[in-house]
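Next, two complexes with subunit A in common: one pairs it with subunit B, the other with subunit C.
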Partner chain A sequence: MEYQVSKKANIVTILLIVIGIASFVIGLLTSHGHTSQRLWANLLVNGYFFFTISIASLFFVALQFVSEMAWGVTTQRLFQATMSFMPISALALLLVFVGGTMHWNHIYHWMADGVMDPQSEHYDAIIAGKSAYLNQPFFWGRTIAYLAVWMYFANWFRKKSLEEDKLSVNHGESNPVYKRSIIMGVLFIAFFAYTSSSSAWDWIMSIDVHWFSTLFGWYAFSGMWISSVLVVLLLVIYLKSLGLLKEVNDSHLHDLGKWVFAISMLWAYLWFSQFMLIWYSNIPEEVTYYIDRFNDYKVLYIGTFLVNFLLPFFVLMSRDSKKNVVFLLPVAIILFICHWIDVLIMVLPGTMHADGGLGAIEVGMFLIFLGLFILFTLKSLSKAPLMPKNHPMFDESKHLHT
Partner chain B sequence: MSDKKIYAIYDDDYVLLESAKHLVAKGIHIRDVFSPFPIHGLDPVIGLKRTRIAIAAFIYGMFGVAMALLGMWYFMIQDWPLNIGGKPNFTLIDNLPAFIPITFEFGVLCAAHGMAITYLLRNWTLPGFKGRNPYPRTTDDRFVMEIHTSDNSVKEEDIKALINETCVLEIDVKNA
Partner chain C sequence: MHKEAAIREPLILGNDVTYSKITNDVLHPIENAPTKMWKILMTIATIIALWGVGSILYLLGVGIGTWGLNNTVGWAWDITNFVWWVGIGHAGTLISAVLLLFRQKWRMAINRPAEAMTIFAVFMAATFPMIHMGRIWMAYWVLPLPNEFGSLWVNFNSPLLWDVFAISTYMSVSLVFWYIGLIPDFATIRDRAKKPVPKLMYALLSFGWTGNAKAWQRFEEVSLVLAGLATPLVFSVHSIVSMDFATSVIPGWHTTIFPPYFVAGAVFSGFAMVQTLMLIVRKAMRLEHYVTVKHIEYMNLVIIVTGSIVGVAYLTELFISYYSGVEYESYAFINRFSGPYAWAYWSMMTCNVVSPHLFWSKKLRTNLAFTFFMSIIVNIGMWFERFVIIVTSVHRDYLPSSWSMFYPTWVDIGVYVGTIGIFSVFYLLFLKYFPVLAFNEVKTILKSSGEKYKNMSDEEFHKLHPVKRK
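And now, the complex of A and B:
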């Protein structure tokens, strides 16, 4: 295949992991209490962040089929490659959930003993009122259903895309893989429309179990979508710097830049909508979420919002900067990190309360996961040609001009 | 020497694009092209300057944002503070979240209207203005290139000869 993982790339990723482990160990040695809870919380943060990158890539691939989008064909393999990390991040997530069920951690307060038992001293009427949805059997059923169905689809799209390469389609004949991909895309998006929200409720929102927001699922979804587009944008820049991806031209970069811009606005819009409605109505049971964040995580919380909104808004607004790597590269890296911090602030306030923060353990865990993620993604890229063959819209995508 | 306008009429956007490339390669300056829809890749060929309407839109948008904030600061905080929903209006920054939706909407309104009016004015196509399109069929299925003899050092006959090398339907000459 045209792309081979270079020695340099391997060294850099392994270096990332080593620095991550070093930072992690330093964090462990200097940690002041609550270390176990902190580790679990970080496992959830990174598991969720990197898992959702893969799942959002899958969503974007499906969306390209459903909308019969042509421009994205030349970058489709990159989206597929980011899906290869799914098993590892899913494992991290499952570990956290098993830990919750077995009471190894206290991430999910509603899983604790007695909170739903009126006789217990830990009884909590609000949580007990949610027991129809937030109970362990149903939670596990949902979790397993999400992971199984999503991974089935991820596997299916990847497998069929590779099968398509081997087809011999004559001119004028329709391509059976493409037609079936559209149907599968529709099915996946219908399923994902519900489960992207409900998985965010189950895995993230139920940490702050007394609080709820109907917007939360979309907020989480827009965050994962932009992270996935950012990863692919960075991959494009990297592969182009190696002289590969000749088929990806300025216009494709422009389109990816537009997506970064657009989804950033969507994310900021949802972030602000959720905040403003709660701020305005000022109901005690709703504001708890923001009080936790404003008291102990103000700089990180407001800072990431401002960066994630203002940076793409002002830098990527012009047409030229969306095509220019000099602008795209730093913006993509900063946004990627800030969207990770966003997930961090979704989890930490509810699990660590005032004791959390962005410390050596957080950075270390992030770097370890990032290194593994890059390792898997590049490995997957090297396993298949970078350009799909026989895709009916490949030619149109190659000649994209915006 | 009197200025003449030479119109080359085509029936296909791609043919026109290729012909334009051919003519430009021979050193002919093409003043303008009329077509029913934008032709991708034509702008750099005939040397059209990039539109500056995006910059104008940005300025209008920022103007709208500034005006909205200024207005609400004056109405809601300076002139007649109201206590809405238990949120007294003391400073702009304290009440900013409540003002954001209107600021956003007003910014969009100003950007959109400013851009539309600028566009119509710049093209001189405001309602009631006389159309200056030389060939009404270019709004349907024809593609026309306009070449001025005054823009080119080549003679009219030579320009016509060069145009005839392309797959042109018809050549028309009008006095400017």
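And now, the complex of A and C:
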């Protein structure tokens, strides 16, 4: 295979993990109270953030087939590679849910004993009203269905893409794998249309269990999509610096840059829509969500919104900057971190209340996950050719010039 | 441009299509006397339009009381029609701007008629809030003018005012975008015109277009800039329309998903209207070579996608109304699907959520008669959606003693039907005097996506055109 994980890459990722562990340990030693809850919350943040990167990559791959998108063929293998981390991030998520069920943690207040029992002193009528949806068996059924179906599709696309390489078909002609991929893409997107929202309700929105917002699922979806495109953009920049990915020219870079710009705007639009409507109406049931964030996480919360919206808006507006690594690289790294912080602020206010923040534990756990994610992704890249050989639109993609 | 994959289906059919044939085909109605069919349609449209104008004048003369509004239902058909028309006005700019940014070549065949539809639809939409003011001659009061003009300062906190800006901006950019595209086509008509009056008219319209390389390069640049400007407008217009409702505290109106869901719904209804019009136009004006079944299929795919997004949004709203635990919120939805307006809710659900899924079948989505039928169904469904949101949410308010129903009067109906007539008059005039396809743009894809050229071997192509294949 043209790409081999270099020693340097291995050292850097291991260094990331080591720094992460060091930061994590320092965090543990200096933590004052609520440490256990904080660890669980961080496990959820990183499990969700990295899992949704993989799932959004799968969505984008499926979308490329369904919409006859040609330019992305040359970067399809990179999107596939980011899916390889799914088992680990899924495990992290499952651990959090098992912890909730077993009362090892208190991430999900609705899982606590007695909240739905009218006899108990912890009884909460509003939560009890949601029990038809928020109950352990149904929650677990949904969670397992999401993970199983999503991972099945991820596996399928990866496997078939490699199988397609081995087919003997004429250049530029359609082939059975390509045709099946379109159908599977449609099926996945149809399933994902519902489950991207409902998983966000189940795993994230139900933390602030009294609160509700119809837009929440779409908002979470736009965040995962942008993170996935950012990862692939960074991978392209990295691989090109090694002299690989010759087929990816500056028009492809331009297109990736456009997607970063476009999805960032989508994300900002959804963030603003949700915020503005709740702020404007000022209904007590809804506005608490923002009050928590404004009181205790103001800088992080407003800061990430401003960065995630304004940075791509101003820097990636021009065509030249979307083709230029000097602009793309720092923007991609900053946005990646800020979208992670966005997930952090989805979780911490509801779990840590006023005691959360961005400290050594958060940074440490993030670096450990990031290191592992890079390790898995690069390993997966080294296992297959970087270009799908028999994709009927490969030629069109290779000759992309805008 | 880039090399096109062989598996893509051709977008211009026929082995005899040349640049001059494209021009002749598109300009045929402009350069010839109107057909009998056109005259008949124009007569019908004019009668309906006059009826509409009459209803509007009656309304303005007598007052808003001639509508069926009452204390509880203060908004009904007026705003329903307004949102319906704005929604229809969404497809044009989506096709011309967003599909241009996505490099979708199939947009070339439909952008012109879709943009014309957009502009006329936004006109019709703007009519409703204006006549709703009652004293339409004071319509300029919605602008932030100094007090010497007789108005009080406008309320910038009100989404209704944001609407004024959003729609007028959208209107202006769409109009400019449409007009810029028309300039080279008008120039072609000017160059071919034989009679002096048309020649002069089209010369004026074409702004002295010369068609040299520099002009074309600027044309392409300005198209991209306008596409960049128009894309956020596609989102902003209907987002802000949705905020007319969503910023309130009315159960059924206040929900955060409204902005993106209204945008998806607008694109959904807009494409349905494009289908309704294009299926007639391509047949009547013999444009089957350019607006192919593949184009119709692509539009149907957009209809499935946007229809499904709308479906997800309906179900999300319904679910959250339960999940929220807010009894007023829950009741708003229970009343929707089981109250006195349940028939409207279920019409909406059938037309918008269930029926588009028939397009999953390739056979159905490439069937023109079925597509036409479905496009009407979607138009009806989207009208009901707005009616359900507006009337059903307010007709049973917090005080059961003031619950009431809404019954349209003949003025309600007359104004609504009338706007369809006025729209049709505009559209028929467009079909007769304007180049109905952006034929100069269609020509740019002939050699990469034309059937004749796609089927050629590389050698044949090279013999014809000793330049690199595009």
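To be clear about the criterion, the second predicted complex is superposed on the first by the 398 of 402 C-alpha atoms of A that agree within 3 Å, B and C clash if a C-alpha of one lies under 4 Å from a C-alpha of the other, contacts with A are read in each partner's own complex, and residues count from 1 in each chain.
Note that contacts are C-beta pairs under 8 Å (C-beta built on N, C-alpha and C of every residue); 3 or more make two chains touch, one makes a residue touch a chain.
The shown structure was predicted, so the numbers you read here are calculated from the model rather than taken from an experiment.
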Since both structures carry subunit A, what do subunit B and subunit C do when superposed there: clash or fit?
clash
In the superposed arrangement, which partner chain does A:S318 touch: subunit B (first), subunit C (second), both, or neither?
first
By the touch definition at the top of the document, which applies to A:E163: first (subunit B), second (subunit C), both, or neither?
neither
Which partner does A:H401 contact after superposing on A: first (subunit B), second (subunit C), both, neither?
both
Is A:Y280 contacted by the first partner subunit B, the second partner subunit C, both or neither?
both
Taking the superposition on A as described, I'd like to know which of subunit B and subunit C A:D117 touches: first, second, both or neither.
neither
Is A:D250 contacted by the first partner subunit B, the second partner subunit C, both or neither?
neither
Comparing subunit B against subunit C, which has contacts with more of the residues in subunit A?
C
Which positions of subunit A sit in both the subunit B and the subunit C interface?
276, 280-281, 401
Over in the complex, which subunit A residues touch subunit C? Could you list them?
68, 70, 126, 129-130, 132-133, 172-174, 190, 193-194, 197, 201, 210, 212-218, 258, 265, 269-270, 273-274, 276-278, 280-281, 283, 285, 392-393, 395-396, 399-402
Subunit B contacts subunit A in the complex at 40-41, 54, 58, 85-87, 97-98, 100-101
Subunit A touches which residues of subunit C in the complex?
1-8, 101, 103, 232, 235, 239, 243, 246-249, 254-260, 308-309, 312-313, 315-317, 319-320, 322-326
Can you check the complex and tell me which residues of subunit A touch subunit B?
272, 275-276, 279-282, 317-319, 401
